[in-house]
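What follows is chain A paired twice: with chain B in the first complex and chain C in the second.
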Partner chain A sequence: MRALAPIAAVVMALAAVPLLVNSNVVLNFLVVTLMIALAGQGWNILGGYGGQYSFGHAAFFGTGAYVNAILQVRYGVNAWPGFAAGIAVGAALGGIIGVLTFRSGLRGSYFALVTLAFAEVLRIVASVAPITGAGVGTLMKLDLRAQAMQFQSRAAFYWLILALVAASLVIARLIERSRFGVWLIAVRENEDAAKALGVNAAHVKLGAMVVSAAITAAAGCFYVQYFLFIDSGIAYGTRISIEALLTPIIGGAGTVFGPLVGALVVQALGEGAKLVAGDAPGLSLIVYGCILVLVIAFAPHGLIGLIDGARRRLSRVAKLGAAHG
Partner chain B sequence: MLSPAILIPAIINGLLTGAVYALVSLGLTLIYGVLHIINFAHGAMLSAALFAAFFAFRLLGLDPYVAVFLLAPVFFGLGYALQRFVIGPASHGDDRNMLLVTLGIAVIIENALLYAFRADTRTIEVPYAYQTIDFGFTFLAVPRLVGFVSVFGVALALWLLMSFTDIGRAIRAVAKEKLGAELAGIDVAHIYAMTFGLGTACVAIAACLLIPTYYVNPTVGNAFVLVAFTIVVLGGMGSVPGALIGGLLIGVVESLSGLFLGESLGQIGIFLIFIAVLLVRPTGLFGARA
Partner chain C sequence: MAPVVACRASPNWGLRMAEPLLSVDRVSCRFSGLLAVNAASLIVPAGRVTALIGPNGAGKTTLFAIISGFQRPSDGVVRYQGETVTGLPPHELARRGIARTFQIVQPFAGLSVRENILVGAHLRHAKRAEALAAADIVGCEVGLGDILDRSADTLTVAGRKRLELARALATEPKLLLLDEVLAGLNPTEIRDIAPIIRGLCARGISILMIEHVMQAVMSLSQHVFVLAEGCIIAEGTPAEVAANRAVVEAYLGHGAAKKLGGAHDR
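Let's turn to the complex of A and B:
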């Protein structure tokens, strides 16, 4: 239970925000930020803990979004099972891609390339297939009832996405403390050595891929509930793939709170750039690209790594001071 | 139902397109062969080079076939500097970081182009754009023939460079055994940057060969680079003959699947080949090992 205490504290503090802030702009910003944090937590499980860098997590985000939207619009399925189905199909897609790639031992550059290609194939298919609404996209019906998972108030949406983020934080922490998590980190640090010690690397990576895909798919499912629209560019475009990997890397890949911290920073800088230079196409992504390069150059373990490092140095200084004093 | 009169020109046109694909892939495979990473900024570089060729024509009045002698060295320098001063130092010698840095650079270049020039598609008008030569069984566009011949010229020059010069030997040494090369007194950071520069110069040449008959917009490079990824994987990562043959093959496949399936699904055919090759034979046709 103690392992979960920091998560409980952070989530409770965040849950209080709508009680203090009434601005729709702020709440909207936070809803989008939490959604990106959720997508990023998905990437973090596979990329941060497992060291398998996916450049195409949009594949899962988009699949969750489309499955949820299509079930509701075309088949009259209720939003809640639709949401669950979106997560399940996203996880299944993760399983399929995982089996195909890890079975043939693809790593590093190859893995990044395959995931990118899958997202791109899905984007092209979604932009021509009739079931996704092709180039026009899929528009959801406005139905502001809790049964339809749509809410009048931003605060309700905020609590919903916060609950999902809280669940993802707990999952990350539980993985971290489990035997599976230790195997996963061993595979990241040295796959051959892990195998030599009897870790079934392919199975471990596959498991991480399924969990990772499910979490990112949940973010996609939430996207359509909130914005009520999806098209192939939003669903499978590079933007969401970049955001999903950028947030954990900035915050600290392979840490529980990394994606949350990273999402706050990324979104704040993106909005800041808009304020400074106006809302021009491409601007926020230029900022993202610069942050990505700068963080890797100067803070390879992310912001959480920087803070930990500073704290360690401080305590060393304090100890030295005590010894000499 | 399909007469040779349609099929043969489709195949020949596929070969002509494939040659330019091959040149883009050549740059990618060269970088992979030495640095052992995929340069995800390759497509953005191609877009940037196409814009450079476009403005060289519009503002300086330089014909693309003249501009190539200016742009190839400029992009060589750009690639060199990027690897030496940005990608190399920023990634701390870690392959995964290197991948991320090239991805970051791709995002920056592509969106800087979008920010500066908007999503508009631009073209140039050269007098020879629509000239054709009658071969009896088919007409072929002059610029595409020029492109085809030039690609093989570039490939030959590259082969000579790699085989008979000190820098070529150093590049091959680093590709084979980095530590050993370093012990033998080769400056690995310099060789990495040289390779990156050569790969980027290939992209600049490809851009000058493409621009007379093609268009430019900020994302145009992506379409090429995904094809180039396929070719490099098909031909075997790091293999130069693989890139050439793979390029021609993919050009023909695209041309034929465009003929049978239509334009947008033609691209899917390429990706399916890509995924199939990765899954069945990830080392490609000519690759030694993954």
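Let's turn to the complex of A and C:
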């Protein structure tokens, strides 16, 4: 329980925000940021803890979004089970891609490229298949009722995505402290050494892939509830893949709060750049690129790593000071 | 005179030892044109320290990789506790009680010493608290007790070798494969680590060690197999093997035994 206390504190602090801030602009910004943090947490489970760098997490985001939207629009399914189905299908897709890639022993950049290829294939299929609305995309019906998981107020959406993020933080923490998590980290650090210690690396990676895909798919499900529209470029585009991997890397890959911190920083700087330079196309990508270069050069363990390092140095100085005093 | 086992002969183990823990029966491993291991046979009896020696490039590490499941042999059978385990994956063999260390140490560099050992301890303990307790005990046992919280990448070579040993031990093995755990250590460090290995054997863990430090082989092992160019060319007690003509020639070159022979006679 003590391990979950920091998460409870952060989530409660964030939950209070709509009580203090009334601006729709701010809330909208935070909702999108939390959604990116959720997608990033998905990537973090596999990439941060497991060291398997996926360049195609859009495959799960988009699948969650499409399954949720299509079930509601074409089959009249209620939003809540639709949402759950989106997560389930996303997880299943993670399992399929995981079996195909890990069975054939793909590691490192090969794994990254194959995941990218899966997302691209899905994007192309979604842009021509009738069921996804092809090039036009899928538009959801406006139905502002809680039963339809649509809300009049931004604050309600905000609390919904915050709850999802909170769940993902708890999942990350529980994984971190479980045998599965220890084995997953061991596979990241040295797969052969892990195998020699009895770790079934293929199983562990596959498990991480399924959890990872489910979390990122949840972000996709939320996206359609919030924006009520999805097309192949949004669902399976490289942009979401990049944001999903960028936020944990910048915040601190393989840490519970890394994706949340990374998402806040990335989104804030992206919005800041928009204010300064206007909404020039591709601007956010330039900003992301610059942050990524800076982080990799000066904070290879992300912002959380930077803070931890500073705290350790401070405590050492304090100890020295006490010894001399 | 030491019994010299010819390359392709299959020795009749049954006569010598009742049910060895591990037996490797005419195992070969071919990498396209290169025959790295050529019909090698050896046994590891329970509760003893067995050594595998041989010149560089003899195929010792390949043979280890085969026993621990990292390399599939082209031919031959590996039996462990009476069961055929040839070609089983490494994690399955670890589960059954075969642990190995790596010649080139493979620490989980980003983790602390305790976390490194914890990975091994989790094999037998699912609960975190129990696994952590087990890891601490093993850490102290190999002399890492004071530095459990240090990051593994700050360890000296000797520390890393101990860590390698600790992680393997944490899986609570019946058979421990040690690939040159003493290589690169200075005499003092060897003196420190040798009793640990002897202690493991006393506790009932059977050990098969690859070692170049002959002094250690002599003092630690009860039985030695000599591998040269993929073949087991000799076996026996350490003293027998050291006096063996074929072994001396394998190490020092053709004709060396003859030149040294005079010295031996005196």
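Criterion: the second predicted complex is superposed on the first by the 325 of 325 C-alpha atoms of A that agree within 3 Å, B and C clash if a C-alpha of one lies under 4 Å from a C-alpha of the other, contacts with A are read in each partner's own complex, and residues count from 1 in each chain.
Here is the rule we go by: contacts are C-beta pairs under 8 Å (C-beta built on N, C-alpha and C of every residue); 3 or more make two chains touch, one makes a residue touch a chain.
Predicted model, so just to flag it, every value in this text is computed and none were measured.
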Discussion item. Once chain A of both complexes is superposed, is A:Phe83 in touch with chain B (first), chain C (second), both, or neither?
Written reply: neither
Practice prompt. Scan A:Arg177 for contacts with chain B and chain C and give back first, second, both or neither.
Written response: second
Practice prompt. Mind working out whether A:Asn200 is in touch with chain B, chain C, both or neither, as first, second, both or neither?
Written response: second
Worksheet item: Of the two partner chains, chain B (first) and chain C (second), which one does A:Tyr226 touch, if any: first, second, both, or neither?
Response: neither
Discussion item. Going by the contact rule set out at the top, does A:Phe60 touch chain B (first), chain C (second), both, or neither?
Written reply: neither
Discussion item. Once chain A of both complexes is superposed, is A:Trp159 in touch with chain B (first), chain C (second), both, or neither?
Written reply: neither
Item to complete: Give one of first, second, both or neither to describe whether A:Ile286 is in contact with chain B, with chain C, with both, or with none.
Response: first
Worksheet item: When the two structures are laid over each other on chain A, which of chain B and chain C touches more residues of chain A?
Response: B
Worksheet item: chain C touches which residues of chain A in the complex?
Response: 177-179, 182-183, 185-186, 189-190, 192-201
Fill in: chain C residues touching chain A - in the complex, by the definition given at the top
68, 70, 89-92, 94-95, 99-100, 102, 106-111, 115, 118-120, 122-123, 126, 128, 131, 167-168, 170-171
Worksheet item: Which positions of chain B touch chain A when the two form their complex?
Response: 32, 36-38, 40, 86, 89-92, 94-97, 99-101, 103-108, 110-115, 118-119, 218, 226, 229, 233, 237, 264-265, 267-268, 271-272, 274-275, 278-280, 282, 290
Worksheet item: What does chain A use to touch chain B in their complex?
Response: 51, 53, 55, 100-101, 103-106, 108-110, 112-114, 117-118, 120-121, 124-125, 127-128, 238, 242, 245, 249, 280-283, 285-286, 288-290, 292-293, 296-297, 300
